[in-house]
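Data first, discussion second: the structure below is written as structure tokens.
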Amino acid sequence: MRYLKDLTEGSRVGDIYLIKQRTSAITKNGKNYLNVILQDKTGTIDAKVWEPNSAGIDDFDEKDYVEIVGDVSSYNGALQVSVKRARKAHEGEYDPKDYLPVSEKNIDTMYSELLEIIDRTTNTYLKKLLQTFFVEDEKFIARFKFSSAAKMVHHAFVGGLLEHTLSVTKNCVFFAVQYPKLDRDLLVTAAICHDIGKTAELSPFPENDYTDDGNLLGHIVMGTQMVDEKIRTIEGFPPVLATELKHCILAHHGEYEFGSPKKPALIEAVALNFADDLDAKMETFTELLNKIQDPNQWQGFNRLLDSNIRGTRLE
Amino acid sequence: MRYLKDLTEGSRVGDIYLIKQRTSAITKNGKNYLNVILQDKTGTIDAKVWEPNSAGIDDFDEKDYVEIVGDVSSYNGALQVSVKRARKAHEGEYDPKDYLPVSEKNIDTMYSELLEIIDRTTNTYLKKLLQTFFVEDEKFIARFKFSSAAKMVHHAFVGGLLEHTLSVTKNCVFFAVQYPKLDRDLLVTAAICHDIGKTAELSPFPENDYTDDGNLLGHIVMGTQMVDEKIRTIEGFPPVLATELKHCILAHHGEYEFGSPKKPALIEAVALNFADDLDAKMETFTELLNKIQDPNQWQGFNRLLDSNIRGTRLE
Amino acid sequence: MRYLKDLTEGSRVGDIYLIKQRTSAITKNGKNYLNVILQDKTGTIDAKVWEPNSAGIDDFDEKDYVEIVGDVSSYNGALQVSVKRARKAHEGEYDPKDYLPVSEKNIDTMYSELLEIIDRTTNTYLKKLLQTFFVEDEKFIARFKFSSAAKMVHHAFVGGLLEHTLSVTKNCVFFAVQYPKLDRDLLVTAAICHDIGKTAELSPFPENDYTDDGNLLGHIVMGTQMVDEKIRTIEGFPPVLATELKHCILAHHGEYEFGSPKKPALIEAVALNFADDLDAKMETFTELLNKIQDPNQWQGFNRLLDSNIRGTRLE
Amino acid sequence: MRYLKDLTEGSRVGDIYLIKQRTSAITKNGKNYLNVILQDKTGTIDAKVWEPNSAGIDDFDEKDYVEIVGDVSSYNGALQVSVKRARKAHEGEYDPKDYLPVSEKNIDTMYSELLEIIDRTTNTYLKKLLQTFFVEDEKFIARFKFSSAAKMVHHAFVGGLLEHTLSVTKNCVFFAVQYPKLDRDLLVTAAICHDIGKTAELSPFPENDYTDDGNLLGHIVMGTQMVDEKIRTIEGFPPVLATELKHCILAHHGEYEFGSPKKPALIEAVALNFADDLDAKMETFTELLNKIQDPNQWQGFNRLLDSNIRGTRLE
Amino acid sequence: MRYLKDLTEGSRVGDIYLIKQRTSAITKNGKNYLNVILQDKTGTIDAKVWEPNSAGIDDFDEKDYVEIVGDVSSYNGALQVSVKRARKAHEGEYDPKDYLPVSEKNIDTMYSELLEIIDRTTNTYLKKLLQTFFVEDEKFIARFKFSSAAKMVHHAFVGGLLEHTLSVTKNCVFFAVQYPKLDRDLLVTAAICHDIGKTAELSPFPENDYTDDGNLLGHIVMGTQMVDEKIRTIEGFPPVLATELKHCILAHHGEYEFGSPKKPALIEAVALNFADDLDAKMETFTELLNKIQDPNQWQGFNRLLDSNIRGTRLE
Amino acid sequence: MRYLKDLTEGSRVGDIYLIKQRTSAITKNGKNYLNVILQDKTGTIDAKVWEPNSAGIDDFDEKDYVEIVGDVSSYNGALQVSVKRARKAHEGEYDPKDYLPVSEKNIDTMYSELLEIIDRTTNTYLKKLLQTFFVEDEKFIARFKFSSAAKMVHHAFVGGLLEHTLSVTKNCVFFAVQYPKLDRDLLVTAAICHDIGKTAELSPFPENDYTDDGNLLGHIVMGTQMVDEKIRTIEGFPPVLATELKHCILAHHGEYEFGSPKKPALIEAVALNFADDLDAKMETFTELLNKIQDPNQWQGFNRLLDSNIRGTRLE
């Protein structure tokens, strides 16, 4: 397919795109038309449907995949598509991954790495718990692999939750070697489960926005509850261990003001908070530097990093 | 029985008291003795067992109820008991309520008031939920009536959780009349359930201290989970209503820094936060004024009220 | 009269409106014209006077009531009036309440309720003080009834100060029953007087903006001083009582950072702070939900409530 | 007289001292005695009256001036007086300034300096206001000269309020030269009046503690009101000027969290806040360095200065 | 020359201006043109070069001084220049001070004042240090006189660093008289050197923006290092004195959150912090009042002063 | 030698100990004696020299190593030594490491690890810089190996600075693998140098307290300056690289309120801040758990970790 970022003024477009936004409007002459935003994984473009109810123009909704035929012109310095024909595409005609931001890493490879780490867990109860989620629960696995780790800030793409989780977990595997006081199994299990609540806090792509439950309860409490439910299905799961694991998840934001109802009280909870926060900051910084043309220039104030930043020059 | 607050220098004591603390010590001459703190609902007194392993001195532990025979003297300006005989009492010989701080209000009367309010709930699901806890769950009811609402700050007595809950709930009943936007049933249900997690966050009297789960998870998350579990037993409980109720409980401390993982997002959650905070402050102020001899004097800085305070004089 | 919210494109307007704003401007062709904003209690509309000094166009100022004749057209998606004739109206031709946001509750009814509560005050000095303001001081009464309780946030309408004051007072009446440590008369008097400084902090409608004194001194200090002056006219008013009442007013914002020069040090001051803050938050939330079309949707971050909020659904 | 700091072990004392504290106590043998703290301007000493009701021992109260005859011994490393005789002294037998901490500067000299600055005021209304306080109001003048500027922190001695006020005023005189935007008369008047509320916020020496009004209203509001009252007695005092002066006083702490109900909004209010804060910090630092033996050593964390501090060495 | 603030619609311009900004753009018809902003010390104006590569239009860059011939018209209510001819001017054809915001005070006069203060320093080491910078180091002197004291906030003009430094130093000279505990020489030296790091933190005019080093190290650390380097060239400079001077510079922002790595621990450091902060606030307030037409009106919230402000009226 | 922790009541002591504290005192009978605190690496003990100037009792000072002969008795529940003989020991008679808290890890082994990491640096300038410190500067090396990383909080023992530095560096080596955006050489160099200022901020053991320079300048600025000085000796060191390295050191505390004059603006500075903070928290938690008898018990509030903590139980 021809990606939106490759369109040029004066060319003709004829491909399937995702409808990101669709609103009705009225021209000065009183005629109805549609403002539409087309999306693929390379970006978005404005489009106008000047004759909404004419032949060749199917009715369609936001989040539909629609085959668009039209002309590309320039308006106020930005490209714009005049839509001539619009047809709702059927599932199978398109690959959603062409239309959504997606991890640059291979999702299945990352998942295998995660399973290997799970495999090296020696505590039988924790291993069983991880398997119940990540080996046995098909629906959870599909959702987990497809989720982002955030609406906007960082890892806001398909596979983002997996990529973030794997990276946090690897940090924890290293920490457990470096600091022997840490219990490797508890820490790694907490790392793998720390954000699973995000599969329910955020709606699936292409929406990827806070759900009602997400807004009212939050992924920290939701994830803790998901872990709690699975634990109940595992006979003999030690109750203190269960509480300690749930504590690590509740406390992983590290501070009350970041939404953790408890401050880290166990050494593993402290370590998990670092592993998570480090990965968020590194990824935010990396995404920022990847996005810009001249990383040597100062990038202005970044809210998450709470500083004006620039790429390193080493000269 | 003769209460501790009524003992005088030179008198002899001979009654059953609760052992609040018991530690071994050694005199300058190298002899073992016991430092003991006796407790009843009127206060505490230091006691010494100078001959721990002699005849007439049973072995006993902290939290035991022990019949003490001894002499009351004065040491460094405070009264002290020299224990001559000590015998562990049997259940039935004493009434625990004589030994623990207890609500000045009648627990059963308060409980009836709470049941009446539950009775006036019209939403069938919320009413059923409340009944499942407060009418049907015997074990929960017993624990709820016996709990305090805090380790120390306010309502730190037997029946304190009930007294606080009833008072918060009455505030909410009034608010729902005063502010018609509030849904009375949701608000009242949230009020009645808002602190039920405290039955597990604090251990039962006479200990009344944070449990391990209390320290690691906290009553906000624990209470939310208790509500969640009961809701699952109620067929057809509307899912959004369930989330909204849980949100009110999660958000009832009002601020992240007070341990709520979510800020109040529903008007009922805002109202509940006020009802709870108001009752805590009023009771703290009231307990403080009741405790002191001259309420007209300035009482110094109070941490919860964040101010130097005094009783009102109206002169 | 025909309200602004009922105007439609292509219709003709011919009614008296309040001039909210009036500024001179110049067309690209160098001709003078006027940008005007018309206001009534249902909203505002832009208007243009293309021939300012022609026949039939009176000169007028901001805050004048002006009879406007003109045509309604649509420009950039919003309605606009082309003014053909403009005549300054005389007092009596219009009812100010048609032009200003006004309480939905009946002002006289609310005032009667307030007087009843004053009537039930038993402390003779406090009762006398209240009567001096609310029964005897005609000028104050008129100003009080006409004031808003804020420039923008909540109760920003004619009668808003009365509505807020009554509601806070009712909260206090209830609190005095619920918490016997509270002195009902002191608390209720403080509640009724807590915001009287707003009659001078804000200018009268239609301006309803901070006065110079309001900006430099604030309603807390101004109200305290107003109370102080009246007290001096009451022989034998107990000095400690006077100080305690003034303290309640000074401390009613509860925190230094909200402009109270003293933190609540008396139990009545604590209660008043709750009653006031609760009413502000409930009204803010209510006004917000009333204003929006779909209260079930998330409304975004609200600054006063410090949270993303939505209406309760109960489903 | 022989000052307390000059007493030595084994000597005999026979002079008039101020009774700072007096409490009854009981020996182990059950006998009554008195714990007394004697004070003069050089410090305090513990004293015991072993035979309170015997001949030669007058009854006396705290804050009395009492002639004490007794022996000085050492107990637990500190000196102590055994009182043999005690006689209440009459006014005239002693000079209060020997018993209270007092400014090292001459009070009358400082007052003259203040009057000269007042004299150079050209605005007739402000000059009149200052004279009404500092020339005409005998009672105020006496109280003002005798007051401290604080209970403890800095300038906590007789004449301290005058010394602090003069110093702040001199800072302001300089600022008005340095920064021409400042109105010299408004700034200087505000400086001279900024802390006059302290004459009522603190009780007179020897108590020098917060009064009831001080605790409930604070010197900022009290001083503003004192200024307001005097202004009313001056015919034609311009109302905006009055408000601006009161604003400067209200805002002189600079921040809400330091008890100012308004932030400085006028340039004179900003300048006054600096002049006041600077003098407080300089005096605190100076008193601290004067008090210590080796100012070159680190003095530990000082709360007002919010830092570990030491004297400057210049080596 | 004819200053930009004096241009009128319909006139013709023909003078040398500084190019503040230059960006290429494309008309709707696809033709290239240039958006240019011309600057002189009285302000800026938009200009368009419709035929960029035509005869008479030299190529030029931002920060060039260019002779512009063109017509002044009005567009959207603002003036605009249509550039007909453009020629890069040679050094010598223009005086940079006509194009940059510049102190209203005479730079050489201010510098003489500074030298006089340096001259009155009695400590030989400190005097030598000051002379090494301000008498001997030609390059430093040139840079110091030409620098601003800030990118935007206050003293953001040529000579601003000198003006601010002189003013802070005069404050310190006064403080040293007023508070004898202060060492005049240490304080004055620290005042004169406190912001010298700004000569490297900000690039020279016309850019006047943070340098790379400025962003990464900051003027506090850079200035401390500059002082340190000069001190090493002075034989026998007492090491403690060196450390105390560097401390004053490091701590002159007074608070960690304002970028000082140390809190003031010496009385001179406390005084310097006041002198600096006072001057910044007075100048900010003064610049603000000078800029506005009606200083009696409220000016809205000012971030540095953290308050809504207005000019003083005195009526 | 016989360590202090192994002394028992009634035994006799005869070994060399470090004098931690020595103060003169007077008995009730007026005789001089000495209060002394003896120290070895296992702890401290109180000692009394009852006959300070008698035969067999050498004069000695704090920080001397003194051979003590005496009797161990028990006083108020703690052991105490009555010193009979005291003789100042000569260097060589004792091994300082027996008397100071010392790393449990081998200092030379750790140093070799550090050198290996330095060896793997590929950037020639950074490698040269590290060698200049850690291979060539004998005096620095000796001081670095002997230093602690703190006065009290964590790593407060001989070798502590090396142990902390190595651990932070290993974290960084791992981070550079995990996050490819990080420049390994810059990050590792910054890690190795980040706390070298502590060799001058703290005095050598046994004192191990803040030096005057440490208090006035702090290790962040001191270390940056040490790096700056060495860089000047390396020809051709790239200036931007130098600034970036210094920035990482300046910013390694991450927040202004922790004493960093700059927030991390480079990704390596962000990573270093995490590596350092993580190691501090892990070591603090580990030292705490090692110190206590029952790690499963709640340990109370820890200031650095800002939480009540306990060891992990996994049951």
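Order of writing sets the chain letters: A, B, C, D, E and F. Residues in each chain are counted from 1.
The definition used in the following text is that a residue touches a chain if its C-beta (ideal position, glycine included) is under 8 Å from a C-beta of that chain, and two chains touch if they have at least 3 such contacts.
Note that this is a predicted model, so its numbers are computed, not measured.
**Q** Strictly by the touch rule at the top, which chains does chain D share as contacts with chain E?
**A** Chains in contact with chain D as well as chain E: C, F.
**Q** Can you tell me which pair among B-F, B-C or A-B shares over half of its residue-numbered contact pairs with D-E?
**A** B-C
**Q** At what distance in angstrom does the C-alpha mean of chain D lie from that of chain A?
**A** A distance of 63 Å separates the two centres.
**Q** Go ahead and note the Å separation of the Cα centroids belonging to chain A and chain E.
**A** From the centre of chain A to the centre of chain E is 45 Å.
**Q** At least two other chains touched by the same residue of chain D: list those residues.
**A** 215, 240, 244, 265-266, 308, 310
**Q** Show which residues of chain A lie in contact with chain B when the two form their complex.
**A** 212-213, 215-218, 220-221, 224-225, 228, 240, 243-244, 246-247, 250, 256-262, 265-266
**Q** Would you mind writing out the residues of chain C in touch with chain E in their complex?
**A** It is residues 25-26, 210, 215 of chain C that touch chain E.
**Q** Which stretch or stretches of chain D touch chain E in the complex?
**A** By the definition above, chain D touches chain E via 123, 167, 170-171, 174-175, 178-179, 181-183, 186, 238-241, 244, 263-268, 270-271, 274, 277-278, 281-282, 285-286, 289, 305-315.
**Q** What does chain B use to touch chain D in their complex?
**A** Where chain B meets chain D, its residues are 74, 77, 298, 308, 310.
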